[in-house]
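One structure follows; several queries about it will come next.
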Amino acid sequence: MRNIRTDLALEAREVLQEQNQYHIPGVKVDEDEKDGVKISRVHILSPLGEENLGKPQGNYITLEAMDIRNRDPEYQETVSKLLAQELGTLMNLNKNSVILVVGLGNWNITPDSLGPKVVDRILVTRHIFEYIPDQVDERIRSVCAVAPGVLGITGIETGEIIMGIVQRIKPDYVIAIDALASRKTDRIGTTIQIADTGINPGSGIGNKRIGLNRDTLGVPTIAIGVPTVVYAHTIGRDCLQLMIDEFTDQAGPETTFYQTLKRMDETQLDTVVQQVVSRELGDMVVTPKEIDLMINYIADVLADGLDLALHEDMTLEDIKHFLN
Amino acid sequence: MRNIRTDLALEAREVLQEQNQYHIPGVKVDEDEKDGVKISRVHILSPLGEENLGKPQGNYITLEAMDIRNRDPEYQETVSKLLAQELGTLMNLNKNSVILVVGLGNWNITPDSLGPKVVDRILVTRHIFEYIPDQVDERIRSVCAVAPGVLGITGIETGEIIMGIVQRIKPDYVIAIDALASRKTDRIGTTIQIADTGINPGSGIGNKRIGLNRDTLGVPTIAIGVPTVVYAHTIGRDCLQLMIDEFTDQAGPETTFYQTLKRMDETQLDTVVQQVVSRELGDMVVTPKEIDLMINYIADVLADGLDLALHEDMTLEDIKHFLN
Amino acid sequence: MRNIRTDLALEAREVLQEQNQYHIPGVKVDEDEKDGVKISRVHILSPLGEENLGKPQGNYITLEAMDIRNRDPEYQETVSKLLAQELGTLMNLNKNSVILVVGLGNWNITPDSLGPKVVDRILVTRHIFEYIPDQVDERIRSVCAVAPGVLGITGIETGEIIMGIVQRIKPDYVIAIDALASRKTDRIGTTIQIADTGINPGSGIGNKRIGLNRDTLGVPTIAIGVPTVVYAHTIGRDCLQLMIDEFTDQAGPETTFYQTLKRMDETQLDTVVQQVVSRELGDMVVTPKEIDLMINYIADVLADGLDLALHEDMTLEDIKHFLN
Amino acid sequence: MRNIRTDLALEAREVLQEQNQYHIPGVKVDEDEKDGVKISRVHILSPLGEENLGKPQGNYITLEAMDIRNRDPEYQETVSKLLAQELGTLMNLNKNSVILVVGLGNWNITPDSLGPKVVDRILVTRHIFEYIPDQVDERIRSVCAVAPGVLGITGIETGEIIMGIVQRIKPDYVIAIDALASRKTDRIGTTIQIADTGINPGSGIGNKRIGLNRDTLGVPTIAIGVPTVVYAHTIGRDCLQLMIDEFTDQAGPETTFYQTLKRMDETQLDTVVQQVVSRELGDMVVTPKEIDLMINYIADVLADGLDLALHEDMTLEDIKHFLN
């Protein structure tokens, strides 16, 4: 499983299911469907669950909103509201909470620009609380936001920058937004994962060496991610698996070749992928051709969802007024 | 072959070679190497050649500049100069020639934005000839340029727009720049195809219904294209082929499975691809994650090459002065 | 008056009024106010009116929506609807009318980018009529749009490009969108002028040599413009005028200096401006610091207004569905 | 003087000179000219000098490179080299120095985007020192860079963000890049001020409440600024002054009006400006129409100058190799 690159706990579980492991020790899953959005909640309950899914202990909520590609404004609003609701279950906000939203990723690389774009669109209010407190609308909370840029552009780990800011402004929560890699192309731009584990080294489509989580930042940290790419070698590996399944059927259980294929375990398959596929595909990614439009669209959905979750006494209409 | 989407004549020929067709009737090929750039010239000489390669009769010159990914400024200049030289062999310019450069594609879709970006960077001079003729530098030719946008944004076929402009300004040559699809990821951003056949319906990564060529425009039309994507199902198909080759070897010639695989001809393979791969991959494309940077870089190379070809008495230094 | 650069017929009239010319031969004006928007209609009825206002004969409708700076979404919608209504009075559309929208100006120069931005946002439908006529929604009209870029980038006069396109696609109306210069800073981004005279050479903030009007294009041409700059020397001149008025009052009618100031006619004032102001201010423009945001905002208003005018059976809600 | 908004020490001194104060107590000035660039060094030596010029004690070096508008690549390189030299005189770098470059201002507001654009273009190397120290080229120093965004977008004072980062990464120098306001339009995009006083509250074209200087950051802080706007009321005030001078001459010394004008002191003039000019001009700014292009151009000059100053064993050619 380790060779299939996915940032979604849901997909980590799927991989195990495909290997007929339906009960995963240390992991509890429940599923739900609301207004055309499938909501899965993967709870990793113990170190055993951690090991089995390869993700830190905590709660992972996934919204699969496949119809979002139709760009129906009402459906978009539905998804934003569900996102706000689910976010609400992971946070314990009071009237005086201060929230720092962090947009991870690189402005200049389209599939990695989701975080900065969300930061650019959300309602930021902390400066009103700090500098003109008498103008504070009672419906808003204190929200601030940064998109610090990636290591290659700043020369500083994002984690270090955020630790520095957190130490100064002492928020009650950090919410980090990131572009993810999934293993299925139909999840690109349609699936939102919320996790109360924060961001961990190596996750997201950029490279990170320091996590953004309660351990490193000292405050509860929520991660929100949306897949924007599938690594091309994941596609390659999937094609091989499909082919093997096809051939196993055709060869018939009595043949030696069937035996060969059956015996071909994960490690061997990975070796083949390594040899025949990865060499050529390198760090290629698979995206929809319209990735630029898709990122803009999903950034709107996340920004609306965040605004609704953080200022829960306001409607989207109120927020639009406020933003202008 | 028809199911592997490639806009490169070179790759159309490669596909045939992989099927052991080394001599292709109606097609002449010569190859060259200069300063680390492989130059292939595919001449489609007859209707038979057209049919064999699936491309219109004419000359296709391909520069493969694999080291361009290292972003060495001298190598970049070398490639621009070779591009200028090869372009020169396909045109017969005199001092009074007027050239219209057309940037095809969509500004808002990164992998399709190559054409508009080149138009934005080249030296445009026609207005000096028209409105301040006494300030014309004797080293320049009359060059104009448009990037009309794609059908979905304008509601008008690019071909119609260009026909309208050509009829009014009557250029001696049209040069159309377009982003292409190739079948190998290592050609993305590294390979430049120049063709004196112009652009034909359905080529490029956007959809076109009307060609831009001597037939439609009434003037000789050169096409310059660079692959910026590989269609994801091309990757899928390639993986299957690699797997089949691998398995054929392993199975051994005496097995019935070897026979099955051997008998699996193109059509059957396409059917499998259709069933197991295309369904999932749809119109997904494979690109390097840094596609944004790559497009900027190759746009510079094309703009420099065009400037050198169209104003052949100027150096890149002269042109930089002129542009500012 | 000629030295105050304004593209608004309304302001040309104001200048005369400031010189106590309240009745202008050949010009008829009526004024209206709806929902917080002042609507002025200047009708230039004869060559005498043309000469007096320095604008071609025709109808100029101006919407002054000063509150648009508050960015209230409802007010924005009100302005779009009024724009649609007024546009409707200048056109005589039927079900089969084809409309070409032309975005004048330069993408890369913020205050000149209004036209291209509107083109990018409107609902374009002509390709549905042409290529998939059975999918045509009966509520829409055939609309196409181009933003051809400016002379310095294309080497071709915009007028020539549009003439070429008009000859091929034969629209029933052309609507040209342009950024204007006004003489008062509070009109920047708040005032919309619609004129059935089209665009004339030298108007707009870019330079144009060929007009876009019924004479050059052969079809009725509507111009829609919004001031995005005031020329800095206009500001300089206004300051001087304010000062002279101030001093004339202070000096008292019996003084010789009062006489001097009174005698200081337009020409002399222009000479002073020329000498002391223009030299330093050159082609400087005055804009709000937030010009980038303002252009985006007013581009939305124009796009919505155009969509409502051209597809009058649709609501903004319907159009938003359609655009996505 | 306080009512003329200028961020340049050079202009603060000019204002005094225009009031015939040629010797300013506590201030020492020397001037130089190299390769077509005028270099002025204003040294504010004491609290008296501070009060007289309205700027903190320290050294202000101004490069006036008027010919930069011609966009000659060699002249651009000359200016970058002179900038590097002058920067060198204000810093005391050794091989192990770590430098943090801070790009102040707002990406989305063109005249305020200079700082972020410089950060995007400079050579950043700290991550090589931190994560792959064995690949460190001996000619480079450890440089990192951030463009944190403005208060209205982040909800956090830039000063707070930078303090947080400085505390974590402990640089030896901070260099802050900012867009400035000048009082003369011909300084826009042509004049570079370097100051070892850092950035102080209220300077730059955005609003700042916390300074970035040795007091707030605890490390020596250099500010580099380029005027990108003149406030429109500065223009208004200058026009009035020009007019008064003109009228004083015309009125003749024997008239009472001459006396009136002569008596019209700074405060009165400011009152008139306030009444007749500021009301209308608000926060309008004067910029060249091509501000977008100008910002890109001067950002290149600053980035090259910084790279040369911080990695003084490298040429621009070397740096270009490194950046790619």
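Going in written order, the chains are labelled A, B, C and D, and every chain counts its residues from 1.
We take it that contacts are C-beta pairs under 8 Å (C-beta built on N, C-alpha and C of every residue); 3 or more make two chains touch, one makes a residue touch a chain.
Every value quoted in this text rests on a predicted model; they were computed, and no experiment measured them.
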Reaching chain D from chain A through chains that touch each other, fewest steps: 1
Pair from C-D, B-C or A-B with over half of its contact pairs in common with A-D: B-C
Averaged-CA centre spacing for the pair chain B and chain A, given as whole angstrom: 36
Distance between the centres, which are taken as Cα means, of chain C and chain B, whole angstrom: 41
Euclidean distance of C-alpha centroids - chain A vs chain C, Å: 46
Shared interface positions of chain B, touching two or more other chains: 108
Chain-level touch network, classified as line, ring, star, complete or other: complete
Chain D to chain B touching residues, read off their complex: 70-73, 317, 320-321, 324
Sites on chain D touched by chain A in the complex: 108, 119-120, 124-127, 130-131, 142-149, 151-157, 160-161, 163-169, 209
In the complex, chain A residues that touch chain B: 108-112, 184-186, 205, 229-230, 232, 235-236, 238-240, 242-244, 246-247, 250-251, 255-257, 260, 272, 276-277, 280-293
